[in-house]
Structures are given as C-alpha cells and as structure tokens.
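Structure provided below as structure tokens; questions to follow.
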Amino acid sequence: MSHLIIAPILLPIFTALLIMLPPIHYSPMRRRWVSMVSTVILLILTVCLLLQTQAEGVSFYALGAWQPPFGIILVADIFSVSMVCLTSMLALGAICYGSAGEDEKGSFFHPLFQFQLMGINGAFLTGDLFNLFVFFEVLLIASYGLLVHAGGKNKTKAAVHYVVLNLAGSAVFLFSLGILYGTLGTLNIADMAVQVAKLPPENLMLVKSGGLLLLIVFALKAAILPLQFWLPATYSAASPPVAALFAVMTKIGIYALLRVYTTIFGEQAGPLAGMASDWLWPLGLATIMLGAIGVLASQDFRKLVANLVIISVGTLVTLVALQSSAATAAVLFYTIHSTLVCGALFLLADLIGAQRGKAGDRLVPGRRMAQPALLGTMFVVAAVAVAGLPPMSGFVGKLMILQAAGSPLQQVLLWSVVLLSSLMVLIGLSRAGSILFWRVSGNEAGPERVLPLQAFALGWLLLAAPLMVVFAGPLTELSFAAAEQMRDIQSSIAIILGDAATVGEQP
Amino acid sequence: MLENVIFLVFGMISLALLLNLWRLLIGPSLPDRILALDTMFINSIALIILYGLLMGSPLYFEAALLIAMLGFVSTVAVCKFLLRGDIIE
Amino acid sequence: MTLLWILLLPLLGSLVPVVTANWRRSACAMATAIPPAIALMILLYHSSAVFAGESLRYTLAWIPLLGLDISIRLDGLAFLFSLLILGIGLLIILYARYYLSEQDSMPRFYAYLMLFMTAMMGIVLSNNVLQLWLFWELTSISSFLLISYWWHKSEARRGARMALTVTGAGGLCLLAALLLLGQITGSYDLDVILASGAVIQQHGWYPLVLVLFLLGCFTKSAQFPFHFWLPNAMAAPTPVSAYLHSATMVKAGIFLLARFYPAMAGTDLWFLLVSITGLTTLLVGAYLALFKHDLKGLLAYSTISHLGLITLLFGMGTDLAAVAGVFHIINHATFKASLFMAAGIIDHESGSRDMRKLNGLWHFMPITATLAMVAAAAMAGVPLLNGFLSKEMFFAETLHQHLLGSLSWIIPVLATVAAIFSVAYSMRFIHDVFFNGKPKGLTKTPHEPPRYMRMPVEVLVVLCILVGVAPGYIVGDLLYAASLSVLGTAVPEYSLAIWHGLNLPLLMSVVALAGGALIYINRKHLFDFQNTLPGVDAINTFEAAMKMLAKRCQQIYSWLDNGSLQRYLVFLLMAIVVLAGLPLLQLDTLYGGRPELPVDAVNAAGAAMLLISAFATVVFHRQRVVALLMISVVGLMVSIAFTRFSAPDLALTQLSVEVVTIILLMLALFFLPHKTPKQSSPTRVIRDISLASMVGVVIGSISYAIMTRPFNTISDYFLANAKTGGGGTNVVNVILVDFRGFDTFGEIAVLGIASLGIFKLLTRIPVFKPSSDGEGRPWALERHPVLLATVSQGLLPLALMVSVFIFFRGHNLPGGGFIAGLVTAVALILQYIAHGVEWVKSRMNIEYQRVVAVGLMVALITGVASWLFNKPFLTSWFDYFDIPLLGKIELASAIAFDAGVYITVVGSTLLILASLGKMTTSHRPVHTETI
Amino acid sequence: MESLLAGCIGFLTACGVFLLLRGRTFPVVVGLTMLAYAVNLFLFSSGRLTLQGAAVLGTTDNYADPLPQALVLTAIVIGFAMTAYLVILAIRARADLGNDHVDGKLPGNENSRKESR
Amino acid sequence: MRVTPRFSWLPTPYRSVLLLVVWLLLNQSVAVVHLFFGTILALVIPLISARFRDPQPLIERPLLALRYILTVFGDIITANAQVAILILGPQRRLNPAFVRMPLDLQHDLPITILASTVSMTPGTVSADVYPCHDTQPDAGEITQRWLLIHVLNLEDEAELIATIKSRYEAPLKEIFQC
Amino acid sequence: MQNWMEWAVAFFLLLGGSFVLIGSIGLSRMPDFFMRLHGPTKATTLGMGGILLGSIFYFSLQQSISVHELLITIFLLITAPISAHMLIKTALHHQLKAIERTRGERELKQGQQQGSPDTKTAMPESKQSKES
C-alpha cells in the first residue's frame, strides 16, 4: 500500500526529532542541512502525491487500518494535495532563508519549523474534524514558538495577543465539535456530510449553531473581519522566515472554511446548504476594504505586507462565499499565488530593512541600499504580482476572481471592491517602493549584502510570479479540476464511505 | 440498609466539603485557605471511594489514589510558594 | 508564426541591453536596436497583405479556461500603430544613445524602453481583449519605470506615481469594461466582440460598459479631466516624452477608441461623452499650452490638445471623421515626436528648457532650429505640412455634424478657437526659443548636437514635409488600410489633396493662423490675465490628496484597531453570541425529549461547590493566590463530575493536569505581581458581565439541548471492536492509542512542541527575583524543610511504582501512558521542590528536550513499524502468549506507543516546570551552540 | 441532572469569559483555564450523561459514550500545553515589557503610575 | 548506626519489600505474574531512585519497628477520638499551647518519623524542627535540635514531653541505633 | 457472614464519615489557624481510614478480596503530617495570631535564640538581639 499520503506529515516530524537528537543537534550546519534536504524531499514527495492524485483521483489513508467513518483518515484530493505542495514550496524558501543565519538567533528554529510543517500538512490532509483540531493545535503551538524566535519586545507583545486569541478560538472549536458530534454522532467529514443530509428537523438549528461556531474558528485563523486585528502586529513582528511561512497560515483557515462549507454543509445539506455564505460574503468584501485601508495606512513595509495578506484573505473568503466551481478554482490559484508572493515579500522586507540601516523597513527616507538593483527588481516583480497587474501571476488570479462572480449584484460588489482595492494597493506599493528605494538620505551604503542563500530563497519564491503566468494554462486546469473534484461530494463520499452511503435527496 | 448508610455518609462528606469550602471562602488568612483546600482534596477521596461503593465498581480507586498523591504535592507547592516565593530553587 | 515574432522580438530586446550592459554605449544601442529593426522588417513584409485589406491572425492557446489566449491580429490599424511604435522606437533608441549622459544607466533605460515597446506592440496587435488589457497595464508599469528613470529627482518620482495611479485606475476600469464585454458577447475574442456591435449597444449594461471603457481610454490619453498627469510625466528623460507621451502610450487610449469603434461607437451616448470630452480637452490643452514656460510643458499641453482633437473626431461618429482621426494620429506622431526630440536637443545642448531663458538659439543651432520650426509649423497647421491636411479634414467634419441640433455650430467655432491657440503656442515655440533676443542666464553655450542625435528629428521632419506635399503617395495605402479596420465596413470617399478649393475649412484655417498670430503678438495681456487666475498645481494637489488619503486611512484604521486585546476578544465573543445564538432563537424548545437523570442531594452539593468556587474565582481574581486556590476547587469538582458520570480516565487526567497547572501557575506567580490592580471602569465591568452572561447562556442552552436529544453515534463500533480489534477492555484507552491514535500522536507532539517553545521563551529572559512577597514580607530563610525533603525522597519509588502500575493497566482499565507520565513527572517535580535544582541536577543530569524527542520518536517508530507489515501508520498489533509459570500475557504494539506517550509527557512536563524553576538558578536556559 | 450540568457549563463559561476579558495576563490565564473546564464538560456531555457506565468492557452493560471521553482527554492535554505556553509567555512579556498588561502597556491614565508590585 | 547498605544491588531492602507489597496491593493479586513483575520492579525502582536519596540511618531493629508502628496505629485511633471530643466540645475549655521539645535524635529520617508521629497522635501537631540545615552551614555540627509542637489542649507540658520522649523518641533511637 | 460483613461495612463507613465530618467541623469552627489544623490532619485521616476499611470490606463482600484501599491510607499517613508541617510553617511565617490564651506563644516569639528560621524572619527585632 502507498504511504505517500501520510509522508507530508511524518517526514517533517521525523526531521524535527532527528534534529533534536544526537548526532545532528550538535552542529548548526548539520541542523540546517538536514532541515533543508528534508524539505526538498518533502517537496518532491508532495509533487509525486499531486501527480498521483491527478492521475488516480480522490484517495484516502485509513490510519491504524480503521475504516472510515470510525478511524481517522487522511484524504488526498487535488485541492488538499495542492495546498500541501504549496506549503512545501513556501517552506523551502523560508527554510533556506532562515538557514542564512536567522536560525541561530534562538533555539529550536528548525525543529519548530518542521513541526509547523507537520501541523500545516496535517490540517490540509485530514478528513476528520477532530483531527483537524489537533493539527490546528500542532501548527499553532509551533507557530507560537516560531513567533518569538529571535526575541524582542514586539514579538512578545504580539505573541500575547496571538496566543490568547487562538486559545479562545480553540475553545470555540471544541464547543463546535461538541455540538456537531452531539448531533451528528460522527467526526469524519464525509460522514458528517451524510449525516447532515439525514438530520431530523429538530436538530437543524443546533447543527447550524455548531457549524457557525466553526466559522468563527476559521475566521480567526484566516483573519477575517472583525477577527483579523491580530494579524498585522503578529506577522510584522515575526522573524522573516517565520513570517514567510505564516503566509500560508491564514490560508489554512480559508481551506478549512471551504472544506467544511462545501462538504459538510454543501449542496446535499438541505436547509443548511451554504449557510455560511450569507456571513462570508459581506465580511469578505469588508475584509478586502479594510486590508486596502491598512495598506495605505501602514507606516512600515512589513505592516503593509501583512495588510496585503489580509486583502488576500478577504478575496478568498469572498470567493468561498460564492460557492461555485469557478470560485473554488479561483481560490486555489489565488491562494498559491498570494501565498508565495506574500511570503517572498516578507523576506524582501527583511533584506530591504537590513540594507537601509536604522530606517529599517519604516517608510521614511533611509540609507542608500547596497544592492538597489537586485532588491528593486525583486520588489517590482513582487509588487506587480501582488497588485494583480500583468505580467505577473496576480493578474491571472484577478481574472479568475472577477470571472467567478455569478449574479449581477455579486459582480457589481465584488468587482468594485476588488478593483478599488487593487488601485489602493497600487498606490500604497508605489508609495512604499518610491520611499524605500528612492528617498535616500546620505550616500553611504552599509556593509549588509544579500547572502546567496537568501537570494536563492527569495528567487525561489518570486519565480512563481512569472512562472504561474507562463504555465497559467495547466495551472488553471488544475484549479478547475480541483474545484470540480471538491464540489463533487457524491463521488468523494462514495470513495470514502463506500457506495452504500447515500446522501439524502439530491437537489 | 447499606445503600441508606452509603447515602448518609455521602451526606456527611458533602457537608464536610461544604464546610471546607466555607473556610476556603472566608479565609481569613492564606494558610487557612490552603488548609481548607487540602482538606477538600482529602475529603473528595472519601467521596470518590463512596461513588465506587455505590456503583459497585473498583474503577475509581486510581482517581482516589491520585488525589491523595497530587493533593499533597500541590499543598506543598503552595506552602513553598508562600514561604519562599521560589518553589523550585 | 512570424506575427508572434513581431511581439516577441521587442520582448527579447528588453533582455539585450541587460546582456550587453558592459559593451560600449554605441554597441549596446546598436544591439538593442536589432530586435525591433527585425520586427519592423517582418511588419513591412506583411504590408502588402495588410494594404490589400487583409487581417492577418495568429492564435496560440494559453489560458483557455479564462478565455485568455495569445491572439494576434495584424490589420490596418494595428499595422499603422506598429509602424509608429517600431519606427519611432528605433529613432528613439538612436536619439537616447546621445541624449543620456555617462552617469545615466543606459542598459536600464533601454531595458525599460524595450519593455514598453513590447507592451505597446501587445496592445495594438491583440486580438483578445484580455491579452490587450495585459499589455495595457504593462504600459502603465513600464512607463512608471521610465518616468521615474531619474528617481533621485522628486518631480520624477511624483510624476511617475501620479501617472501610474491615474492610468492604473483607468486600466482597472477598462478591465471591468472588457470583462463585461466578454460576458455580453460570450467571448473575449476581439473578432467576436467587434462583430457584436448591435448586441452590445442594445444590452442593458451598455452605458456602464461604455463609461468604464472610456475611463480607461481617457485616463491613458490624458483627456480632460484626467489630463493632469501628462505634463507632470515630463520629468522623464526627453526620449521617453517623445516616445511615450507623444507618439505611443498616450495614443493607446485613442487606439482603443479606434479599435472598438465598430462595437461601441454610433450611439448618442458615445457621441456625447467622447466628443464633449475631446472638445473640452482640445480647448483646455491648447489654451494652457500657451502659458507654459517650460518647452516640454508647452509640448505636453499641446499633446493633450491634439489628443482631444483626435478624440473629438472619433466622437463625432461619422466615418469621415474617423478617417481624419486616423490621419491625425499619424501626423501628430511625426511632428510631435520630432518636436520633443528637438526640445531635448535644446535642453541637452543649452542646459535649459525655460523659454524665458532660451532666446535667439537660431544663431547657435540653425539646423536644429530649422527642423523644429518645420515641425512646429506642421503642428500649427501650416499648409504643405502634414498637420494642415488632417486639420482641414477635422474642420470639415466639425461642419458636417448635427449632433447638438440647433447648437451644432458651436463645435466648429470652438474648434477654430482651439486652432487659434494652437497657432499661438506654436509661434511661441518658434519665436520665443529661436529668436526674441539673446539667451539669458544659460549655464553653457548652446551648440548643434552630435550628428546622429539630430538624425531622428531629420527623418521625422522629412516625413512631415513629404506627407504634407504628397499625402496620397506616402500614406495613402496606410491610411486606407487603417481606416478600413477602424470602420470595419467600407471606407467612405475621401480626398488627400492639398487643395480642396476655397471653402469653409480653409477659411477656418486662415482665421486660425491669423488669430493665432494676433494672440501671440498680444500675448502679454493674456499672460497677465492668466496670472490673475488661481494656479492649480496638479502635482502638489495630487500629493496632498494622497497624503490625505493615507491619513484618513490611518485614522480609520486606528479607530477600528486600538491595539487592545480586550476589544479583539469582545469581537470574538460577540460573534459567538450572534452566530451560535441566532439559530437557537429558531428552536421551539431546547428540551429534546430524552428523559433527564434524577438529581440527588450529593450532586446538588457538588454543583453548588462548583458554582460557588467558580464564582469565588471571579470575585477573588485580583488576589491571585486566592484565585488559584479557588480554581483548584473548580478543577477538583470537574474531576469529581467526570467520576460521577462514569469517566474515570478523564477524572484521572483532569486531576493530574490540574495539579501540574497549579504548580506551574505558582512558579509563574513568583515572576508576576501577586495582586491585580483595580482597573476596569464600572461600565466596562457591566459590559463584560453582560457579554459573559450571554455567552454562558448560549453555551449552556446548547449543552442542555444536546444532552436531552436522542443520539446515534459511531461509538458502538468502538465498544464492539475494542477487545477484538484493539486488544484492550478500556475502550477510552483503546480509542486513544488505537482507533484514534493519530490524535494522540498529534497531542503529544503539541505537548512536546509546547515544551520546546517554553524553553525558547525562557532563554535569555531578563531575570528578576522579588525579594519579598506581595505584602512586603521577606522570604523565609529555610530553603528545604527537613521533613519535606526526607519524605519526598521516600515517596519517589512509591510514585514510580504507582506510575508503572497505571501505565500497564491503562489498556484494560483506567490509566495509561499519559497519566503515568504525569505521575512520574510530579514525583520528580516534588524532588525539585523539596531539594532544589542543584540537588536534582547533581543526581540526574538529563537534557529534557532530548527526552521529549526520544518519546516522540518512540511513538513515531511504533507507528511506522506497521509499514513493515504493509499496514497503514499506527496499525496496532497484539497477541497473547502463554509463558510457563507466569501464564497468559498480552503483548501489544499499543504499549510501545503508550511508552512514547509516557516518555514525552515526562520529558515535556519536566522541561516546562524545571526550566521555569531554573530561572532563578545558575542553570537557567541560555541559548548555546547545541540547542 | 442534565439541566444542572448545562447550567454549570454555562456558568463556568461565563466566569471564564469574564476573566478572559480582564486586562492582565494572569486573570486571563485563569479565565482560559476556567473556560477549558467548561469546554471539557461540554464536549464530554455531547456523548450524553451516563451513570454507572464506565467504558471498561465487562464491568457494566450500559456504557458511557467513550468517544467524547477520548476527545476530552486530547483536549485536556492540548489545553495544558497551551496554558503552560501562555503562562510562560506572560512571564516573558512582563520581563520584556515591564508590566503584565495584555497589551504590553498600561492603559492611558496609568502610564505615569508605577505598577504596584 | 549504619548508613551504607549491605548490598549495593539492594540499597533499601525494607523499601523493596514495601514496594513489592504495594505492587501486590495495587494489582490485588498474588498471582505468579504479579509476584514476578513486582519483584523485578521492587528491585529495579530502588536502584533507579537510589540517586535521589541522601544517606540515612538504616533500620537495625525491624521487629521493634513493627511494634512501633502498631503502637502508633493504636495511638492514632485514641488520638482521633480525643480530638473529636475536643472539637465538638466547648471551645472555651481548650488550652492551646506551643511546646518546644529538645530532641535527642540528630538525623533527618528519625526526626521526620518522630515529627510525623507527633502530628498523628493525641492533640499535637509538629510545627517546626529547628535549627535547620540551611541556617547551619555545616549540618554535621548540630548538637541540639528542637521540635516545636502545637498542642490543642495542653494540660501538663513536662508530662507531654516526657510521654513523647519515652513513647516515641526512645524506640526510634533504638530502631535506628543512633 | 454476609450480614456480618454488611454491618461491618456500615460501621466503618459511618465511623469514617463521622470523623471526616468532625475534622471539617473542626476546620470551620476552631478560633485560630493552629487549632483548625488539628481537625483535618487527624480526624480526617482516621475518617479516611474508616471509609477505606468500609470499602475494603464492601468489595471483599462483593467479589474477591479488595485491599488496595490500604495504599491510600498508607499514603495519607505518610503525607498528612508533612502537609500539616508545611502549613504550620507557612502560618508561622505569615505571623498568624494564635488566640490570646495560647501558652508558649510569647516564649515562641521571645526565645528565638535557637533560631527557627520562620519565626526569626517574622521578628526582625529578635534578629537584632541575636546580633547584639
């Protein structure tokens, strides 16, 4: 039997443990290399998994050989595996960047990083709602550890908010799990979808409150208005490779939203079908606008990037609310694009800050940079991509988003918000870029240079921006295939629970 | 008969626990409160043993044993805290 | 395929200067010119087909799902624009070679320029509207880079940002328009869209589409009121101005008007919007141009005015007007590009562009002056030059429209007025620069430019004359082909003759020339009048607006986000109340029909104690030690509740975790204040109480509703299979280590990671040791009371024995690795408490983080071991063995897994507690080489 | 009994929430601990209440639902890990920032006043 | 007085026996399996935890120790009866007191046992043993230690001290031979 | 036999319950901390003993022999005095007042020559006297 599905979870934890044990843990170089090599292997494995999934369709891995719905299963469909693949791509960039010296500014960087990968991959792959909680906690606790990496007041301060909010969020998650288990009697996501369809009417509203509590949990993780306030401080305080990795963290919330509200509360759910959309739609639009306002309000570049993350979250949430194949496809494409580009931007912010001396990444005139051409090119590529302008990946994403809008009202709202926010991002980024690169006070450049490993890391992530355009054809096909597959609940249920499981009356 | 006795003893112990809680609430001093808490720990052993009797099941014995062990450690820790501030020094 | 190369070559060309950066300047320029030159040749190769009225097409699938393909269409219009872009582009490359100084990075300039050329070629060659938009935006970006080429100059930065903002905004509007067009027509294919004019114009969205479309065009082509960015873009190097801001980019909007003419034009709305905008722009540009002292400023406003003219022509909606528009595009490109280049030469060789300083240059650079004068005359519409011809056609068309009904005469009158000003500023350009006395305050003596710097101007001026003299011969085919592709159907009869006889348009030209001269001669009065008007500085206004926008955004942001965790939490909690509470309102009754269990006095007493202690925790929360004691009772009562409701494993775990937590909190309290100051205002407290009660009510209600509902669950499977499939009778434990062992795996990972994170947090923490407790009492002197020390030593083996017992029985009875681990850990912590870190460390020197790793590794390896048997991760195995004397013994892989749990728990708990305890000792965590 | 337990859960939640909303780290920790108790009871109760039904095979014929118990066990452990982290973070924040307010700074009028210790 | 154990592989024989008993009690069985594993554990655990043990006097007179335990058990029962009466009776009649008792014992383990015994028996609670090690840099030098006792209802101080000394302290001295 | 055992169970349970209750009554009604301490440390221990014995008899009556409750008793016997000791040390450290008529308290405060650390920190003046 193939254990490829579980590899993205086990390989990182194995690596983490290996790094913590002799003989690896003695030398920083060994720790780095083991971590980097492992991440490369992870990337290869996830790509293999993606190819396999594309070829063979949805498959699942029953842990402990206990068949669903009784045991925990991992589910590989194109969407989830693509997310895992994305994570390992991002991770490779972040870990290479971290290995250029950032990792030695505190203890346990590589183990925590690998644990974080384990949590993220687990969250993407699991087909069990409680197991999702567990993996959420794994990735959260690892992120707590990583957040304070390299120390500093801002990190501690941000961490207190981040941790308390997420602890409260975990409590809500458990409340929700209690409600859903107490009414549906199962934890397997596919089985929940089956049970929701057969729900007696007196339990409907209870399930609804449980389902909507999940919305809060995921909204907090994804940073949707009004639960997004923790994000800018947290992401901008985090150590650069950590912030880069965090770029995928909000996407986990989005992914979970999508998974839960297209599968459990999907079309088969009768009165509960699409119950979250009424909330997600306005909140998503408002989140985009707030992010755009944040971009213009930001006084330093990292905050700006953090707000870009918020915009991407808002966009994705809005798409999730649309509940159509085109929208789901757009979610996947846009997620890949925005994650990699935002990750790169966090790294870039650090390099820019380092070369600008005391001014750092604050948007004030600063020292002349030592390598303005290199950093400037990277900045332009990233900025063009993130603003959704051609010829970088953002514009394909934007096209998909705009084309995904269904009704005229949706079009008017989504288009005006997305386009307006694009303009605000454009203004914000051109302002930031012109201050960072052009408002030079004094002529002396500092001694800081971009290290080869850092340049590689950044290049690796940024390369996505043009490549995703060049290969936009196959990538959009992948996205649409993933969307179709995800929305074809009947088939997935048949594969996971066997053909015997039926999902109520079909609409 | 035995069931009635058990319920009677249940009542006694519940009353004892309430008295402990009373002392815990009114204090007045911290040692008083700690003493009250320690006593509550011990009295809950009795409560759990009685549950075991009532249910005719020995499954609850470990809980009682653990309360005995852990209650002691926590009392000691709190006292140490009040004495030295630094529990582990 | 060759068509694709027309597009690809400039793109490759943008890499050439990067590669050849280290070559000599001329070589670099030459190399850069090669790709566009080849492209131009390919283009010309297709000229015969295009002039014959063919549209050449090439399509390459790219993103079919989005309707975005690489689709090229070379028709007359595209050919015309390509010719301008490539031809003038080549001249600009040559010109820039001399214009740029040694300090300027020429490769960077060329790279941007070629990128821009690619973008323009992309626009004009697109046969797919999404592709068109792609290149459209690319022009904005590349022009941003070009305008800001001298980024050290503030006006360059500002001008570039302004241009980007305005054209970027327009581009987004255009995108919306194009997408809507695609939805209306069902295709993003230009062929399809252009063929669906009727469908589009009858569609309900037509007005919206048109407005968005025109916003895109007008911003790009600097139409009033979006014209302001163009003069400020003049901070760019002059080759850029000549290329982008006269010949190409600003024409992109015009191109679009022409391109979509078949699909969008012909309605009243089109006429109203386009012609009025064009007319206004024409007038405003012409008028303002006169007052600019900066040479390039004058040319910039002149450009605005001429763009308005062309827009007006397309707005009028007649076929002949469209032809005139196309013709003027050609003419304007030639004379304006040459004028800009001439201005650049003047600037380059005299050091100034200020017409108040520049005087009498005729003496210093007669050849350049002659060229400039010819070009300016063309701009003024002097006969025998190309500008005259198209202007005549324009005048004629203004006379032939009746769109404003009885007020239609206004249009020719205003056109004449604009022409008057056009003549006036052209005269100023000639007279004020080349004559009008001697130069004032120039930093260097002007002279003729290098030979090849002037050549591009010469080429263009010759073209102006040739077209002016023999229009039919020179541009006849081109104009016909271009007009054909604009109009789509047949091209109307038009004549390119120089002389049309004495007619009203000629009179208008004469009036314009005379009036222009008159105005220029009396310019002093007009200048004085203009100076009395309040000046609007576009760039400062724009910057101020942007600053204001940023400030407003900051205000909004800080109003929403005050950085207070409490506020964030309030949002979260309100979300709970709303999202979980609202559905409850739709529930008729909470009670679900399941009979309730009876309440007895003992339970009531237990509940009372739970509630009282919880309440007391809140009441005493400012006295932290007391609160801690109170919450211990809560925990105790919860454990007892678990016992009561038949969950012994839970009770055990809850108890042990609680004790460890209490110890942890006690340890922590040493480093925290012992009292919480009173801080919350009464309103805050009331708000919090109400919010808390609401959340409590919602949660409590849901809990009740669930507990009283009948229930089907998958748990029966676990009860049925625990013994047979998992080898244990304690179903909870079998679930933990087998059915849902993966959860447990994640759970111990969490514990392990937490301990690492904690170790990390405690690393290099600034240590402070309070010398007294909260009441100012000094600490007791005795560190390790004898009785405690002695007894704790004796308890250790006892506790170890108990934990071994709990560990092994877990599979069949309450217990298990986790609880056993906590018991061991607590016993060891007791040693720390009773004897101190030094004592323990001298007896047991283990790095706990390694213990954690070993524990997790054991669990991991146990799980992976099932791969050897071709079973999924964590598949359990158990069997019974008959051993002589000892009897039947069960061995199960779950025990190994549980051992991993045990080790991890011991390691993590000790790592957490001991690290914290060690903070006050010399063994505290500091970051070292080995983690 | 169900109503009694539901009431307790609701009340514990309310107390936890109230403490969670306090401005200092320590009460917040206590509040989260309290909330965790409520959560554990809630999750446990989703399997319905059973007396004399410990899920040990062969001891009874009316077993309490074992699955929520296993879930609560996991939740307890995770909750412990998280609480521990938060507690240490609170210490770190106090050390780094000089006060134990959750926002790292004392609100408005308290800025001038020294923290009482 | 003997401090070092007779066999290094069996540092604390009585404790090992106790551990075996505990194991059997825990398992509620004297089956061979449990005896077997109990013995192994009773041997291994003391070896592991031996490091966590400061040198203490060893029991020299096990039978006497057994008798001591029985005495104390009996006393506990009477003590509780007495205390119960005192608690339930009128408080005005109680004469609480702090009593200091000079100790003949010098070593930690016997003192601990004595103090515990005092706490368990009629109306007395051990409050403190002083001077403590921490205040005396060289613990071996302590000549005289005191036991501070709180008495719920003191009738005669001298008699109380004498009783404790004869009933508990003397046997302990005998048991540990110190 | 059965009946006899049942009586024994009932007796021990009642005995234990009463002592537990008495111990807690002592805790709640005694006038000062030191006197409150006596109830819980002693009465409760015996009370627990009683209940545990009752339990032993009960389960022995139900099934095979059940004696593991003894462990808890042993454990409590070992730990209760230590808890009490730590508590009283804390109380002395906190200078809790004993009721007026407590004998020896004055001597406790004055006669610190032997230097009990807790009482010493409680009385700085005695420290001075020692030094002088």
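The chains carry the letters A, B, C, D, E and F, assigned in the order they are written, with residues numbered from 1 in each.
Just so we're on the same page, contacts are C-beta pairs under 8 Å (C-beta built on N, C-alpha and C of every residue); 3 or more make two chains touch, one makes a residue touch a chain.
Source: prediction; values computed, not measured.
Any chain touching chain A that also touches chain C appears here: D.
Counting C-beta pairs in contact across C-F and across A-D shows that the higher total falls to A-D. Distance between chain centres (mean CA atoms), chain A to chain F: 58 Å.
Annotation: 21 Å between the Cα-based centres of chain B and chain D. Rounded to a whole number, the gap between the C-alpha centres of chain A and chain B is 48 angstrom. Measuring from the averaged C-alpha position of chain C to that of chain E gives a distance of 75 Å.
Across the assembly, chain D contributes residues 20, 25, 38, 42, 45-48, 51-52, 54, 56, 67, 71, 74, 78-79, 81-83, 85, 89-90, 92, 96, 102-103 that each touch 2 or more other chains. Taken residue by residue, chain B touches two or more other chains at 15, 17, 30, 34, 55-56, 59, 65, 69, 76, 80, 82-83, whereas all remaining positions touch fewer. Annotation for chain C: residues touching 2 or more other chains are 563, 565, 569, 573, 628, 644, 646, 648, 669, 699, 703, 706-707, 711, 713-715, 718, 739-740, 743, 746-747, 750, 753-754, 757, 761, 770, 779-783, 785, 787-788, 791, 794-795, 798, 802, 813-814, 916. Inter-chain contacts occur between A-C, A-D, B-C, B-D, B-F, C-D, C-E, C-F, E-F. Across the complex, chain B meets chain C through its residues 7, 10-11, 14-15, 17-18, 21, 24-25, 27, 30, 33-34, 37, 40-41, 44, 47-48, 51, 55, 59-60, 62-63, 65-67, 69-71, 73-74, 76-78, 80-89. Residues of chain A that touch chain C in their complex: 1, 3, 6, 10, 13-14, 17, 20-22, 25-28, 31, 61-66, 69-72, 106-108, 111-112, 115, 118, 122, 130-131, 134-135, 137-138, 141-142, 144-145, 148-149, 151, 160-161, 164-165, 168-169, 172, 175, 178-179, 181-183, 185-187, 191, 202-203, 205-206, 208-210, 212-213, 215-216, 219-220, 226-227, 229-230, 232-233, 279, 290, 293-294, 296-297, 299, 329, 380, 384, 389-391, 395-396, 398-400, 402-403, 415, 419-420, 422-423, 426-427, 430-431, 434, 437-440, 472-473, 476-477, 480.
Residue ranges on chain F touching chain C, taken from their complex, read 75, 78-79, 81-82, 85-86, 89, 93-94, 117-118, 120-121. Those residues of chain C that touch chain F in the complex are listed here as 777-782, 785, 787-788, 791, 794-795, 798. Of all residues in chain D, only 51-52, 54, 56, 59-60 touch chain B in the complex they form.
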